[in-house]
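Residue numbering begins at 1 within each chain, and the chains themselves are lettered A, B, C and D in the order written.
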Amino acid sequence: MAHKWGMAVDLDRCTGCEACVVACRAENNVPTAGEDQAARERVIHWIRVERYWEGEFPDARLKFRPVLCQQCDAAPCEAVCPTYASYHNQEGLNGQIYNRCIGTRYCANACPYTVRFFNFYNPVWDKPLHLQLNPDVSVREVGIMEKCTFCVQRIKAAEIEAATDKRGLKDGDFTTACAQSCPPKALVFGDLNDPTSEVSRLARSRRATLLLGELGTLPKVSYLEQDSWHSEND
Amino acid sequence: MERRDFFKISAITGAAATLDACGKPEQQLIRFIPDEDLVPGIATWKPSVCTLCPAGCGLTVRVMQGDAEVVRNGKLGLIRMGLAKKLEGNPQHPVNRGKLCARGQAGLQITYNPDRVRHPLKRLGARGSGEFQEISWDDAVKELVSQLSTLGQKNEAGSVAFLTRPLHGQRRTLVEVFLKAFGAPAPVSYELFDEAVLRRANLLSFGHAQLPTLDLARARYVLSFGADFLGTWNSPVAQAIGYGEFRQGRPGLRGKFVQVEPRLSQTGANADEWIPARMGSEGMLALSLAHVILNQKLRPSSPGHAASLISGWAQGLPDYAPEKAEKLTDVPAAKIVELAQEAASHEPAVGVVGGAPLAQANGLATAIAVNALNELLGSVDSPGGIFFTAAPPFAAGTKLPEPPERSQGRFGALNAVLQEILLDRPHSPKVLLLHDVNPVFAAPPDAHVQAAVEKVPFIASFGSFVDETSVLADLILPDHSPLESWLDDVPESGLLAAVATVAPPALYALYNTRAMPDVLLDVAHQLGGNVSASLPWKTYDEMLQAAFADVEKKAGAKSGDIWKKAQADGWWSSGEGSAASGKSRLSTSGTPSHGAVTMSEPQFDGALEEYPFSFLPFASTMLYDGSLAHLPWMQETPDPLSTAMWGSWVEINPRSAERLGIRQGDLVEVTSQHGKLQAPALLSPGIAPGVVAMPVGQGHGNFGRYAGHRGANPVSILAAAVEPETGALAWAATRVKISRVGEGKLILFAGGMRENAAEDENR
Amino acid sequence: MKSVDQINHDLLRPVVHTSGRFWLVFVILGSVVLAAVGAFAYQFWEGIGVWGINRPVFWAFAITNFVFWIGISHAGTLISAILRLANATWRRPVTRCAEVITVFALMIGGMFPIIHLGRPWLFFWLVPYPSERQIWPQFRSPLAWDFFAIGTYLTGSIIFLLLPIIPDWALVRDKTSGWRHGLYRVVSLGWRGTPRQWHRLETAMHIMAVAIIPVAVSVHTIVSWDFAMAPVPMWHSTIFGPYFVAGAIFSGIAGLILAMAFLRKLLHLEEYLLPIHFDNLGKLLLMMSLLWFYFVFAERLTTWYGNEPAEMAVFWVTQRGSFAPLFWTMVFCNFLIPFPLLAISRIRRTITGVVIASSTVVVGMWLERFLIIVPSLSHKYLPYTYGHYRPTWVEITILVGTFAAIGLLYMLFAKFVPIISIWELKAGGHQKPAARAAEAVSARTSPMGAKELELRPES
Amino acid sequence: MRARKFRHSALILASTGLASLAVLGALASRGSEGAVSPPQVDASQVFTPAHRTALDAVREFFLRHPVPVQPIAYTHKVHLANGMQCVNCHTGVDTGPDAQLPSIKLCMMCHQAIATDKPEIKKMAAYYERGEDVTWQRVYNYYPSAHVKFNHAPHIRAGVDCKVCHGDMTQATVAERVVNMNMGFCLDCHKQRKVSIDCTTCHF
């Protein structure tokens, strides 16, 4: 059976530490925009930890929510791309084919999660910072849309490795950079078509919800909402 | 940095550079013969150690073949070498178990930082001018040796000061032995966020001058007094792993987490309940909780050693009845009772204290109060409570009980040296050695660090970067980056078993740098005599091996076994104290005798009338204490709460802001008795009206292109107040006033959110 | 009724005689256009980052201009086609001005989908052609639909414009000598005004007139679908098709009125472009203004009543938030100002009144496009990703350039083609085209009468 | 009239002629391009995927690869004739994504002794003396704007002969780009062998 890569985010575990954010930058050659581009709202973070305040002092509360490409099964970004740069592959990934992208930015508008990012200029790395670039991942040039790929390079590598020793992929053979780094294990990546995988188990949790699920985008990332605490006294 | 210039390079289709540099002019450089044979495109994983904070997490470095531009015997060329591509947690390491925090992962950018010092430097211009000239290692070392030996001849060996960041493992041993043999005073280690108060409290309470290990995974109720244990305090990764289990690791059982602090930290943001107690009153709250528990007999009162230190405990802490405490802490009496009952009724419940509450004049009392509360809750050295990790049986170095200097306030020690210099005492330092420490940035103005340092005749720095302190140096002997060096550490906390971490260099040195320990050994041998005799090793790894040989002897292992295993895995455990038993070797036998501790009101610098706000500097989640401000990844990763990037900000409660006519993003001036600074205001509902908070880390005058001249440094307006008993800097004991001065530049990742909030009110 | 000579003289003057003022205007407009081209070159070289767009506001000025100019283009063809089919005689001096606007506005508008690309040099990937990559454009994408819609519309309008020009070019050919004669000899495709030619021209024009109307409607509907197809607050709406078409015709008429006013002044066509024309067009404009207001009201009311959180965020940011000033300016420009000016017949009959109304409408309609695009993009579903937008000099230069460009193109056109359809005008002065053609058989005279024969050097 | 007619046609002819000339000129200029730029140190202090010159950009747009000039005239023919295998020097090709360009150490293993008198070998020995490696130029590589992540190992496992993509090296002296590896080339083979033609198979 074909794989169906998905992720579960346990908001009760997430501490908002943003280890995932940096892990993603390191893994996927996400360029550094620099101060003035940041001021122009052009920073690229394939995964971000959204935070929402609730209430005012002293009852103010904060909610963290890591948001990355939801890899929707009915992705609005795919249909609108005139060149198939954004498309759906057999494993349910929203492929982003950089070389095919002509930069209409239509996909970014169509995406309700605003998780698509654009290279407004050619990225630059002050030497020798470029030595850290991951050879397994493209460096995107000016005019190209980019977004979370579920670390497709890791998927491919794992598949090739599995094929080499003539076996199928098992749950936990590999994971995405963000999930790998997450200290409280808030991010769990895996195959949703494998009912025994941890991600499927979590996706079935009573706490599991979909982000903007009402839009019918069929995201493959499910969020496990925070539990509230109640002592057994009451 | 001049980005616009870079864009000038960009051309029409914008894509020619390939990662392997094919068909690019670099290809036309000469190539040097590679030192190592690698398989192209295949990653190898090498163990290493994270040195960015004291937690001592284990790393695996992803190394792949690449082409680096290097200078070999004067010629610029390419060499094919193994390059570090990514830092990840070492899956087997007992502290971080394959996980790694944001800062740790960004450590990669230290090695590849464009502003690294690439070869030894000798000062050209005036001190602080930053004009240096390249010299050879031989000359550099000769220079240092001559300076030292001249002192030796004038038998002024005592007037050598070694100023360093807190050292771990054998590095510390090496420096200590070196100075001892030379006849110089022990090294002075300094960092802003000093845990001396807690260490002292733990020494007095439990006999360990050591940070506790939190067993969150098994706790059911966590009461944190200002400890940012998920972000920057103690062993954040280990604690975050435990937190995950604490929340959802046990089916049907979800622990409750209460955070007591005046400003919601990243950790507090995850709490089920936030208690914004008055700054410096945390200890009183702890005592009040104890009072309720004792009074209502919620727990068998078995007064432990910590409890016996608290005056009035035996009488049931009459001064801290909830009603009285309410006046002291601003926490409603009813809430205090409720918390006490919850804590008592949910075993195991644990209290944690760290950070700002201890950076007060009453810090030690506060720490002991929480220790006592833990004893009352029966959560010391028991599952779901706090533990003290054993240390591996090294001969020299990190023996337990901790060397007393570990519970000495670092600021006190630093100040002592500075005073010597400023007052021209006899044997005041003539030679100052700096290692990876930046007191000019990280010490309050009244310490007059710069003035003192400038008075020292000769300064040598081992730093890899020219920062505010090392810019004053006469000689810079650049250290390898951590990934290029032999690393070792002995995690103080964050795990139950005694562990020794060691790792060989993950990659060959990119530049003409040398590891500080090797240089020190070289110097020792050139000095000869006693010094050279007490340090017989040629290189640091020999020394490490010797240390491990010692362990092997004790453990009765075959010589070389542990050494090899530790290198292969990146760590080795003696098994002493184990997760299974959940018991460490706690004994209050080592506790020094000490009189009763009386909890006192916090002392603030500045009159309430003139300076109405308590000023709370806090460790930045990304830039830590400022030592990571030179990493572009850290600059561009949004702060978890404010989403601010590339700058600093002043956090203030919307109500206070409204009263002062301050709007989001306005440039405000924060003034204390000791100085003023300007930064954009950030309105946050997560801070008490009487408090303004500011992240430490920005405001570097001289720390590379990414950190230099950006934001403001809150330390620059702090009072030089100390916790009297330890002499640790009381960095949370300053009052300030604040006023609007104009339009500020506040860069938020969630830049558009504010407007909507405003509109919500419009409706 | 003016004499044939008089008409010929007046309407051919601009073609055969070039004043110094022409060159002055030419230079001014030309340099503005050059500036815009320069700005684009800069963007092309540096990357689209030189614009003010950001995340999440990925579209702004470029797409606004695109929709705006496509809208303007609906002036012509639609109006002249309808008026032709309705056989409204007052249309005669107006039709060509209108059709010209269509063609040029389309050319300009059609450029923007390419200009706004991150990698404009790859625009041809929108063209379906078999390539070694073995991959085709994505036909589900509204942008691909745009490509075909605009392509069709442009071709159609060009034909629709050129057909009725042929007889006039023939006339110019006959009235001139030297290189001009040669040039018009080529372009007039050997028009002799034979009955068969007249008959074919009539038929062709009728076919085109009928065909172009659905095309025009479809084009702007498809343009509206660029937005309506995306799940973006206040975009994803069924009303967008008709809303855009109405808006298009609205701005189109306004554009036409302005163009006519300029021509009237610059080319001294006072006797041809009469107040009656402006009055009639003014009536049309009034109707469209009401229609536009109705659409806006319907759109806003349904949003507000529905009270869908994401949409309300956009709703409020336009009604009260940072975009409110622009929004209310738009309402003034498109309704509150033009409505009285056009409703009161005394003002409407004065050309000035109509012109003022039209110019506010042009501004207002540009704002409308902008307000459809930017507020929605800057306030999508997750408040964490809300954004701002400020244009840069590059975008502004390009915008100004488009207006200069259409002016320039219009001038040049008027230089090579009689801007008022001479033969139609004459025909208007005589009898119905069909009868005219029949008569032409016997006398072998085009409506221009015998004089033309004498003029022919061959005969 | 006739004269005028003639003038027009002449005018049209002339203009078209000029136009075509221009086009030809352009083509010719591209044709003459090829040899990589002379040795130079990369001055720029930054790494960027941007082109250095507009000409580079145009070349890449037309997918014209520079013709590499090898510092040493290495002949594949001779070495293969002597029974060496591709993988002997291009290590890693059967286990990983990339094929190694051998370092001079490998060459010198044999050429300490073998054919030391040959001029090219002398050249190499000179490199070795100077402690330098040979600056081999890669012959086959994708333009980065193609964003292709090609992995040799699976292809070799699938029994694709080296010569399918690299030509018959047993006949070649200095390696040249004899096979034009465009997307069509890859796709044809993949379709033929019924293996994935999903975009993310190669592009990511």
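The rule is short, and it goes like this: a contact is a pair of C-beta atoms (placed from the backbone, for glycine too) under 8 Å apart; a residue touches a chain by one contact, two chains touch by 3 or more.
The structure displayed is predicted, hence computed values, not measured ones.
**Q** Chains touching chain B and chain D alike, please list them.
**A** Shared contacts of chain B and chain D: A, C.
**Q** Averaging each chain's C-alpha atoms to get its centre, pick out the one most distant from chain B.
**A** Most distant chain from chain B: C.
**Q** Which one chain sits nearest the middle, judging by mean Cα positions?
**A** Smallest centre-to-centre distance to the global C-alpha mean: chain A.
**Q** Counting C-beta pairs in contact, which two chains come out on top?
**A** Most contacting pair of chains: A-B.
**Q** So what's the Cα centroid distance for chain C and chain D, whole Å?
**A** Each chain reduced to its C-alpha mean, chain C and chain D end up 50 Å apart.
**Q** Distance from the CA centroid of chain A to that of chain B, rounded to the nearest Å?
**A** 30
**Q** Find the geometric centre of each of chain A and chain C from their Cα atoms only, then give the gap between the two centres in Å, rounded to an integer.
**A** 44
**Q** Distance-wise, how many Å sit between the C-alpha centres of chain B and chain C, to the nearest whole number?
**A** 66
**Q** On chain B, where are the residues touching two or more other chains?
**A** 6-7, 9-15, 17, 19-20, 41, 69, 114, 750-752
**Q** Give me the residue numbers in chain C that touch at least two other chains, ranges are fine.
**A** 46-47, 49, 119, 121, 383-385, 387-388 - these are the residues of chain C that touch more than one other chain.
**Q** So which stretches of chain D touch two or more other chains?
**A** Only 44-50, 61, 144-145, 151 qualify.
**Q** Name the shape of the chain contact graph, picking from line, ring, star, complete and other.
**A** complete
**Q** Residues of chain C touching chain B in their complex?
**A** Its residues touching chain B are 44-47, 49, 119, 121, 313, 316-317, 320-322, 378-379, 383-388.
**Q** Chain C touches which residues of chain B in the complex?
**A** For chain B paired with chain C, touching residues are 7, 10-14, 750-753, 755-756, 758-759, 762-763.
**Q** What residues of chain B sit close enough to touch chain A in their complex?
**A** Touching chain A: residues 1, 3, 6-7, 9-10, 13-15, 17, 19-20, 41, 64, 66, 68-69, 83-89, 96, 98-102, 105-106, 108-109, 112-114, 230-231, 236-237, 240-241, 243-244, 247-248, 254, 256, 264, 266-267, 269-270, 272, 274, 276, 342, 345-346, 510, 621-622, 632-633, 635-638, 640-641, 643, 645-647, 653-655, 684-689, 705, 710, 745, 747, 749-752 of chain B.
**Q** What residues on chain C touch chain D, complex-wise?
**A** Residues in contact with chain D: 121, 132-134, 181-182, 186, 457.
**Q** Quick one: which bits of chain C touch chain A in the complex? Just the residue numbers, please.
**A** 46-49, 52-56, 58-59, 113, 116-119, 122-123, 125-126, 135, 137-138, 140-144, 147, 226, 229-232, 377, 380-385, 387-388
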